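Chains: A, B, C, D and E, in written order; residue numbering restarts at 1 for each.
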């Protein structure tokens, strides 16, 4: 690989990391702060991606829309639609016990994937949606770096929103719910509403990340939203980094993504006729590395940070 | 203040509360005693909106609150504690208290995002108040400790502290004395009395410690098998043969 | 038409039996160790391939291969328990859940590395169906159903008439208290893994007999297995069986009215509906 | 030889020590009560005896045998039964199953002991097939006691056995403690109903801040004004 | 800069059975070229990337081929379902020529690809029609179709159904990689069909065949090119498949084919019983010729010269005649590549004309019966 190749690989890597970072932040609101186990991350990710794709691609008879709207409109749409979906799903599931919520959400995410696969008039089924525009610069050597800058800005905004939410009294109520739901009710908080808010804000961020992904990759199909890429890896990022800690979420994203991509570089070095073994070996390696991290750093690299005590005038 | 009218609640075939009617007068400290399993905690659950009664109704200041959600009741000034302490174990003791006040600006996400200054100012006020309460309960040295690390009795105190963080009208205390060191209990008793006198809180408390009941409560209501067995001053209750039979036992010095 | 329905019912019972065997294990692990074991489907896969070694490698019949596969999966499960899950037990259940998800990846890719990514079968060629009226019954299907019934009956005896059965539930409830009551918790956990792993191996073998071997075969079945466990009520073997049958039959029957591609969605939909209407499962699981 | 002898115990939950040198003994046939302020480390000490909290320094002997940091599941085998302060019942199981679990280690016929427990707590007989999560606080406490008694131990450790019990049952529990003790079983209990507890005890200890603060014969202790004021509620 | 060709092939997934043979096709071409002096005097390099037979992975692989490995042209992908998104999102945007050696979907003809997508295999618009004729010839009047749910399957199924004069009692899409296809088979068998037209790939295809036979649904099978692989016979059993038949894009017995076969067997021994290694070879050849003609490895220049070197008029260049081509081009002469799979004449859509062959399973072997037309 030449220098130019390495550089563009880095841009590719970093852009993807940004997308995952936004998902990890969204998940941190749900799991790290509220204790909701959402294993349906991929579902919201997919819905965001498809929404933005349908809104921004050129008109076509093959699937719904092709409304050729600007990318920014697509992304806003992604946030709104995934948020609305979260309201819907949240209303029926937020009161489930956390482990049941886990299984319910992964089930719902899979249903979403089935719908995307089979409702061809809307999503073009397994054929996917191609020709999704990139923000600002469509192609050529500048497209990658420009996207990266956009993505970094998005991460910064998402980080600000989530971190502020965490240290605010809103975040405190969420942590209380995580600890003891009945007592939170007894303290006059509308638990259902807070949970729903957390679920929706987190899911909307995932939807936003999905939109970014669509515009980054240019093509989406149901495969991109399989549990491994859409959900598992995000969880791994959050847990490795340290759940409940937003810096941890970012750090975890970079670490896990480094490993994931690192193993890819490794497999690219292998001869091509070993491709079958190589891709399996890669997944194996990721699994093993994850176990090692979990075993050696239970709390994640950065443990949950308590909001700083309030500084007061006298004491 | 609180009127319970013919409330019943059955779990399966078991009538935990059965056609129970009672009143908690404004400004009183009403004691609720009765054998284990008499339905006291269940009745608290019903009053505080955690359990839906099968029949009957609950009035708060003349207003029907049957089936109203706990968090709404909280805003109507009705607060409960739990028999088994319900602390927020992974939050600090101070945070446990700071959580409680209602209408915190920062509980709205949008306000937190856009008007941080106002949120912060209010935080400082609430923190000050929490520290006052902690001083009062002699828990100040544990303010930054995780609540999960408190001992059983300290958790009880914290529960009471949460009730002190608001302008409650009625506080339902489920066995505030159980497992609390007797010397500390004397303080709790004092606290309850002061809150009652100085701030006009109305209390209704379940307790098995007759000394505490005798010292604090008037009137005392004794429940058995889901319904009211007797009501009166502690002396009257002690003199009641049925109560002695069902609850106090004959060894209890009269 | 009636023929079609009966035919689908048979397929449903076969699928349901396989789901039930998986669901019992999931449910056992869930109630004792308190986490959703996402590697369970891949344990099934390992079981199926372990049997393949004997069947294809030594030319033995499945009935000989099955005990070997049960042993292999039990050993694999215990090895995972000792090396990964036990050290992680003090962390939150979600860490275990994610770890088991990682374990699923490890098992799956190991299978791919060893046996390749393609489809395989125990016996190439076709097993022609027995025809009864208009209904085609594959002999393997009878084996699957009979085998499942036998295994579940045996498990029932174990849980009902041995101390360990109850000890498992006690542990599921309160580990510390179980320990101070003298219950040897690590041994109980081992037994649970042996049962869950063994049943998973059988489920994998049955699945392979019914369809084919493929590295993702178990993973694809995992969510219906969870669905069966939840619909049946976590912590009840008979519930898991009933849940499995219900989900299996519903999945196969649904193909009469909706696009077969939505078969899995039917399982999830049933599960979500159950969770909402009766969170403890239709057969009243424990509500810990 | 003491039934139980703990000397100079240090230990805690991983961070700082909660126990800073606690010593205590129970002679055969004795009832010993520990009192002390909330958070003194009483429960922690008991847990350390039962193997649920790691002892960093010091040693525990049971009938002369070193049982420091014994695995918790071993304790009942050598004759120690323990009722924790919190989470002391199997909530998802029925009353009967809780009692059966208490007898997990027994392979003999324990129906006599079961009968004795039902006589002590008639409510348990009534509710034998009710799941415990449906029971009131006091009823649970009875189940917890019942479970521990199933084993007929040599030493019974009770962490606040009467918390939440009605006066009637509280008296009965203390009665029963005496009766159990009369069979030669040593009893170590932590109590906040200190006066009643000491009234049935042979000796008492006061624990404060993880240290021995005071120890004496129980009747002496009840008469000690200073101690009564500071720890027994005047 | 030396020419780099990306081979975008399914090394895993449903079309895994074809990946290796097709990579060999590309490698064989490059081997011959490098042995004869290379393109513009430099050795040609191949970078292989795995599509996993999945569009998402395919697009990812293509993006990396271009942006990271810096290839100048791409051969592949196989399945139309992968080729189309790759062309739409990657090659047409980045301006890199892509020649698919196996994607037969009719959709590709009309694709908006800025003229960067070509193929060295004929469109299924022909195969569907020829298959319909063949089925009628064999005397079937009622069939049902199961097709893999992608552009390939749908394109062929539509073309077939339109041309078939008998009854198509059901036409059902199926997903790759499922464990059970009984629901689909039940529907397919429902309408009194005599045979099943199975348009798919060997991996899921053999599962469908087994389940159809074991469930007693249908036992006569008709295939297309995607199922022309000996693996299916191995898995299902020869006795059940004897007599099954199908179509495949197949070259007429031309001079180019003869020369290629000779050279190939000399190098590798046997000819693989699978399609598309020859079209892969041709794709690599024309890319190299175009680069030679352009005198550079610039992707756009290669694209601009593709038709010049592949189409008439010009001196005929057969497989293996690299030195001859280099010489003619150096002399400024026009050349016309006539390849292993046919004349390889790209029309304005980047399509090539072609002929369809009839194959059958006889005595457990795949036999090429004849070239239809």
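Just so it is clear, a contact is a pair of C-beta atoms (placed from the backbone, for glycine too) under 8 Å apart; a residue touches a chain by one contact, two chains touch by 3 or more.
For clarity, every value in this text was computed on a predicted model and none was experimentally measured.
**Q** May I ask you to list the chain groups that still touch, directly or through other chains, once chain A is left out?
**A** Apart from chain A, the chains cluster as one piece.
**Q** Out of curiosity, which chains are bumping into both chain A and chain E?
**A** Chains touching both chain A and chain E: C.
**Q** Of the other chains, whose C-alpha centre is the longest way from the centre of chain B?
**A** E
**Q** Using CA atom averages as chain centres, what separation in Å is found between chain B and chain E?
**A** Centre-to-centre distance between chain B and chain E: 77 Å.
**Q** In angstrom, rounded to a whole number, how far apart do the mean CA points of chain A and chain C lie?
**A** Chain centroid spacing, chain A to chain C, equals 30 Å.
**Q** Can you give the whole-Å distance between the Cα centres of chain C and chain D?
**A** Averaging C-alpha atoms per chain gives centres 43 Å apart.
**Q** So how far apart, in whole Å, are chain D and chain E when each is placed at the average of its C-alpha atoms?
**A** From the centre of chain D to the centre of chain E is 80 Å.
**Q** Got the chain C residues that touch at least 2 other chains?
**A** Where chain C meets two or more other chains at a single residue, that happens at 117, 261.
**Q** Would you mind giving me the full set of chain pairs in touch?
**A** A-B, A-C, A-E, B-D, C-D, C-E
**Q** Of all residues in chain C, which touch chain D in the complex?
**A** Listed in rising order, the residues of chain C that touch chain D are 163, 166-167, 169-170, 172-174, 176-185, 286-288.
**Q** Would you tell me which residues of chain D are touching chain B in their complex?
**A** Its residues touching chain B are 13, 35-40, 43, 85-86, 123, 130, 134-139, 141-142, 160, 163-172, 192-195, 229-234.
**Q** Quick one: which bits of chain B touch chain A in the complex? Just the residue numbers, please.
**A** 48, 50, 69-71, 74-75, 79-82, 86-92, 94-95, 98-100, 102, 104-109, 112-113, 116, 119, 123-124, 127-128, 131, 144, 162, 166
**Q** For chain C, which residues are in contact with chain E within the complex?
**A** Going through chain C, the ones touching chain E are 4, 7-8, 11, 15, 117-119, 121, 124-129, 131, 136, 138, 207, 210-212, 214, 216-217, 220-221, 252, 255-256, 260-261, 263.
**Q** Please give the residue numbers of chain D that touch chain C in the complex, ascending.
**A** Residues of chain D touching chain C: 50-52, 71-73, 75-77, 82, 84, 87-93, 97, 100-102, 104-105, 133, 147, 151.
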